[in-house]
Amino acid sequence: MTLAREAAGSSALPGSPGDARKDTSEPIVALHDVHQAFGDLEVLKGVSFSVRMGGVVCIIGPSGSGKSTLLRCINGLVPIRSGTIRVANFDVHLLKTDEEKIALRKEVSMVFQQYNLFPHKTALENVMMAPIHVLKEDRNEVRERAVALLTKVGLAAKQNAYPGELSGGQQQRVAIARSLAMRPEVMLFDEVTAALDPETVKEVLNTIRELAREGMTCILVTHEMRFAREIADEVHFTDGGTIVESGPPAQLFDHPRKARTRAFLSQIL
Amino acid sequence: MSGKPRASTLPVILPAGERLARAALRERRAGTHSLRLRGSHGWALLGAFVLGCGIAQAQSQPEAPSIFDTLWKWTPLLARGFVFNLAISFIAMAIGTAVGLFLGFAQISLLPPVRKGAWFATHFFRNAPWLVLLFYCMFLLPFQVTVFGVRIPIPDWTKATLGLALPVMANVSEIARGAIQSIPTTQWEAAGSLAFNRRQTLWMIIFPQCIKRMLPPWMNLYAILTMATVLASIVGVNEMMTLTQRALSAENRPGLLLAFYSYVLLWFFVYCYPIARWTVRLEARYAVNQ
Amino acid sequence: MQLVWDWFRWLNDATGINLTIFYDAFDRGRFASGFWMTVKLSVVCIAASVVIGVVGAWIQGSRFRVARTIVYWYIQAFRNTPPLVQLYFFYFGLGALIRGVGGPLVTNVTWAIVSLSFFAGAFNVEIFRAGVEAVPRTTIEAAESLGFSRLQAYLRVVLPLAFRISLPALNNNLVNLVKTTTLAYAIAVPEMLYVSSQIWSDELNVPVMMNVLLVCYFVIVGVLVYAMHRWERAIRVPGFGA
C-alpha cells in the first residue's frame, strides 16, 4: 500500500470531506485575499491561491516574505486579520475553539524545519503518539501502522532510537512518517531541508517525491529549486507578503515574467 | 546528563536548554548558586531601608530619638562587626583556597590512595552543611594550643573562621578539579611530546590556564562566603549579625527590625556587588576567549 | 534489638565512645525525633518550594506587569540574601507583627518551613521558567499540528521536556535545601543539629556526637546525590546535555 493512498483510504466514508472532493474541480485548499500581521508588522498583504486535490505547490521567495507564516495560517496555528482560507471543507479563518482546530489538523499535517520531533520519545513512540491520544485508536493497530510507515520512509531499524541519536535527515523522515500516521488530506512542509547537511537533504527529498507521486496534496515552502521544478504542479514566488508571480515550474524558472522574480532567481540559481 | 557522543546533526532542544544544563553543572561543581547582583538590587534595598526607617519613625514615640540618630549611634559598633565579618571571610577564603587547591590537585593524582583520599575528603566536607562544620570546629578545636612551650589561645572567631574554611576548601577542590579536567587533553599531549614531566605540565601549562577558568566560580564562592559569615552569630561570635540583634534588643523599639536588617544588608550589598559584577565580566571575557 | 543497644553500652565502657543515642532509650528517642524533624522539614519544604516555583513561573508568563514585577523582586530578594537573615526576618519580624495584631500563634517550625520554602522556591521559579522556555516553539507547534489540544500538548510534550531540562538544577536546589535545614537551629527548631546539641550538653559526649552528626549528613546528602545522578541518567534526553 502506498503512503498516500493508505493515508487517505480511511476517509472514504459517506459525508466525509474526501467524498465531497471527488470532483477535483473544487480545490482542496483555497486562500482568498489573506492579510496577516504581527502587531504593527504586516506579514501577509493579500495572498490568494488554491490547490487542487493531489496537487503539489511550491512556494519560494526570499526570507521574511511571509512563506512560513502562510503555511501556519493554513493549519490554523496563526490567526489571520482578513480574508478567507478554506481547507477540506473547513473555514480556517472562522475556527475559534481548540476542538475545531483539532478537527482541522486531523486533515492537515505539517512538517517543520527543526525541533520537529519530541526528543523524550523514541522514533516509534513519536509516530504513535498522536493517533493514540488524538484519534483514540487502538494501540496495537497504531503500532503496526507506525512500524509500516517507518519502514516506508526507510527507518524501520531506527524505530527505538531517540531523535537525539538520529541524523537530521532521519529526524525529518520520522517527522513525515508521524504526520502520515494521522492520515491527512494535505501535507505542509516548512523548509524541511533548510537546516540539514547536503548529504541528508537527498533522502528527505526522495521521501517527499514518493509522497507526491502517490497523489498526496502537498504545499512546500522550499529553497530547493531543482526539486521544486521537478515535482511541482505550480510554483508561487512570494516577496514582501504577496505572491508576485505564479505558474508552472518550467515557465516560472525558465521564463520569469516579473523583474523581481528574475532578480531572486538569478541570486539563487 | 551524560557525555554520550551525539549522532544528531539537528539539535533537539533549544540552546537555552543547553545553557540551563550547563549552568546547573557549573553550579553543582562550584557548590553554590551563582550570585547575580544588579544595580537595581541596591536601589531596591535602599528603598526597603527607607521604608523601614519610615515604619520605625511612624511607630516611635515623639520624644524618642529619630531613627537616623539611633542608627548613627549604633553604626560604629556595627562597623566594627562588619569589619570583623570581612576579616573572617578573608582568612577563611585564604586558608580554604590554599588547602582546596592542594586537594584539587590531589584528586587528579596518579596514586590511587591519594586520589581516593582527596575525593573522599572533598565530598565529605561538601556534603556537610556549613553550620554543622562550624559547630564542629567550635566544639572540637581546643581553646588553646601549646607550641614549643608557648600557649596560643584560639579565640572563638578563629574557630569559626576555620569552620568556614572547611566548606570553602571542599568547594575550591571541586572547582579546581573541574577546571583541570576542562583543559583539553591535547594540552597534555602537546606537553608530553615536548618531554615535560607531569609536575612540569601541571605547574607550567595546565595550572595557569586553570586560573582563568577558576576565577569566576571562586569569586562567586567568596561572595557567598561573605554573606555566610553571619552564620558565625549562631555560634556566638560577635560579628555584625550578633551585634545587630543586641542593638535591636537594647533599643527595644518595635518596628526597628526592617530598618536595621536592611541597613546591614546594604552594607553587605555594597561590598558584594562589585565582586559579583567583576565575576560576570570575567565570565564573559573568559567565554569569548574560549 | 536490645543486644545491639547493649553492645554500644559495652563500647562506652570499653573505649569511652559514648553513643548514648543507641543504648539510652531517651536519647535514642530524641535523636530519632531530630532526624525525623530534619526529614520532615526537607520533604515539606521541597514540596512547597516546587509549588511556589510552578506558580511563580506561571505568573512570570502572565500579561500583568505588576504580577511579573512582584515575582521578579521576590526572586531577587530571596536569591541574593543570606537565608539566615530571611529566617530571622520571618520569625522575629513577621512573627512579631502577627503577634502584635493578635493573629494566630505561628510556631517556629512553621516559620522555618515558610522561610525555607520561599528560599528554595525563588530558585525554582527561575529553573521552571528556563525549563519551559527551553522547549522549542516548533516542537509545541508540531504537537498542535498533530491535533493535540493546548492542554494535551502542555502535559505530554512541554512539561515532560521542561522537567527533564530542569532536573539537574532542581536537584542542586534539593540538596542545598536539605543542608540549609540546619539553619532552623537558630530559631530553636528541634531538628538534628539542635537535638544533638541538647544531647551533647546533657551527656558531655561532644566529639562523638559531632562525628555522628557529620556522618549522618554525609550519608543523607550522599544518598540524595547518588539518587539524583541515577534519576538524571534515567530520564535524560539522548542527544542533549552538557
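The chains carry the letters A, B and C, assigned in the order they are written, with residues numbered from 1 in each.
Just so it is clear, a residue touches a chain if its C-beta (ideal position, glycine included) is under 8 Å from a C-beta of that chain, and two chains touch if they have at least 3 such contacts.
Since this is a predicted model, take the numbers as computed values, not measurements.
Asker: Pick one for the touching-chains graph, please: line, ring, star, complete, other.
Answerer: Topology of the interface graph: complete, with all chain pairs in contact.
Asker: Between A-C and B-C, flag the pair that has more C-beta pairs in contact.
Answerer: Between B-C and A-C, contacts are more numerous in B-C.
Asker: Roughly how far is subunit A from subunit B, centre to centre by C-alpha average, rounded to an integer in Å?
Answerer: It comes to 55 Å between the two C-alpha centres.
Asker: How many angstrom between the C-alpha centroids of subunit C and subunit A?
Answerer: Result: the chain centres lie 48 Å from each other.
Asker: Mind checking the centre-to-centre distance between subunit B and subunit C? Centres are C-alpha means, answer in whole Å.
Answerer: Here subunit B and subunit C have centroids separated by 20 Å.
Asker: Where in subunit A do residues touch two or more other chains at once?
Answerer: Touching at least two other chains: 114-115, 117, 119, 163-165.
Asker: Multi-chain contacts only, two chains or more: what residues does subunit B have there?
Answerer: Subunit B, residues with two or more chain partners: 6-8, 11-14.
Asker: Using the touch rule from the top of the page, what residues of subunit C touch 2 or more other chains?
Answerer: Each of 136, 161, 237-240 in subunit C touches at least two other chains.
Asker: Which of the residues in subunit C come into contact with subunit A in the complex?
Answerer: 136-139, 141-150, 152, 156-157, 160-161, 164, 235, 237-240
Asker: What part of subunit B is in contact with subunit A in the complex they form?
Answerer: Interface residues on the subunit B side: 6-14.
Asker: What residues of subunit C sit close enough to touch subunit B in their complex?
Answerer: Within the complex, subunit C contacts subunit B at residues 73, 76-77, 79-82, 84-85, 88-89, 92-93, 96, 100, 123, 127, 130-131, 133-136, 161, 165-166, 168-169, 171-172, 176, 179-183, 185-186, 193, 197, 200, 206-207, 210, 213-214, 217-218, 221-222, 225, 232-233, 236-242.
Asker: If we count contacts the way the header does, which residues on subunit A are in touch with subunit C in the complex?
Answerer: 72, 75, 77, 98-99, 101-102, 105-106, 108-110, 112-120, 129-130, 133-135, 162-165, 175, 178-179, 182
Asker: Using the touch rule from the top, collect the residues of subunit A that touch subunit B in their complex.
Answerer: Of all residues in subunit A, those touching subunit B are 114-115, 117, 119, 163-169, 171-172, 195-197, 200.
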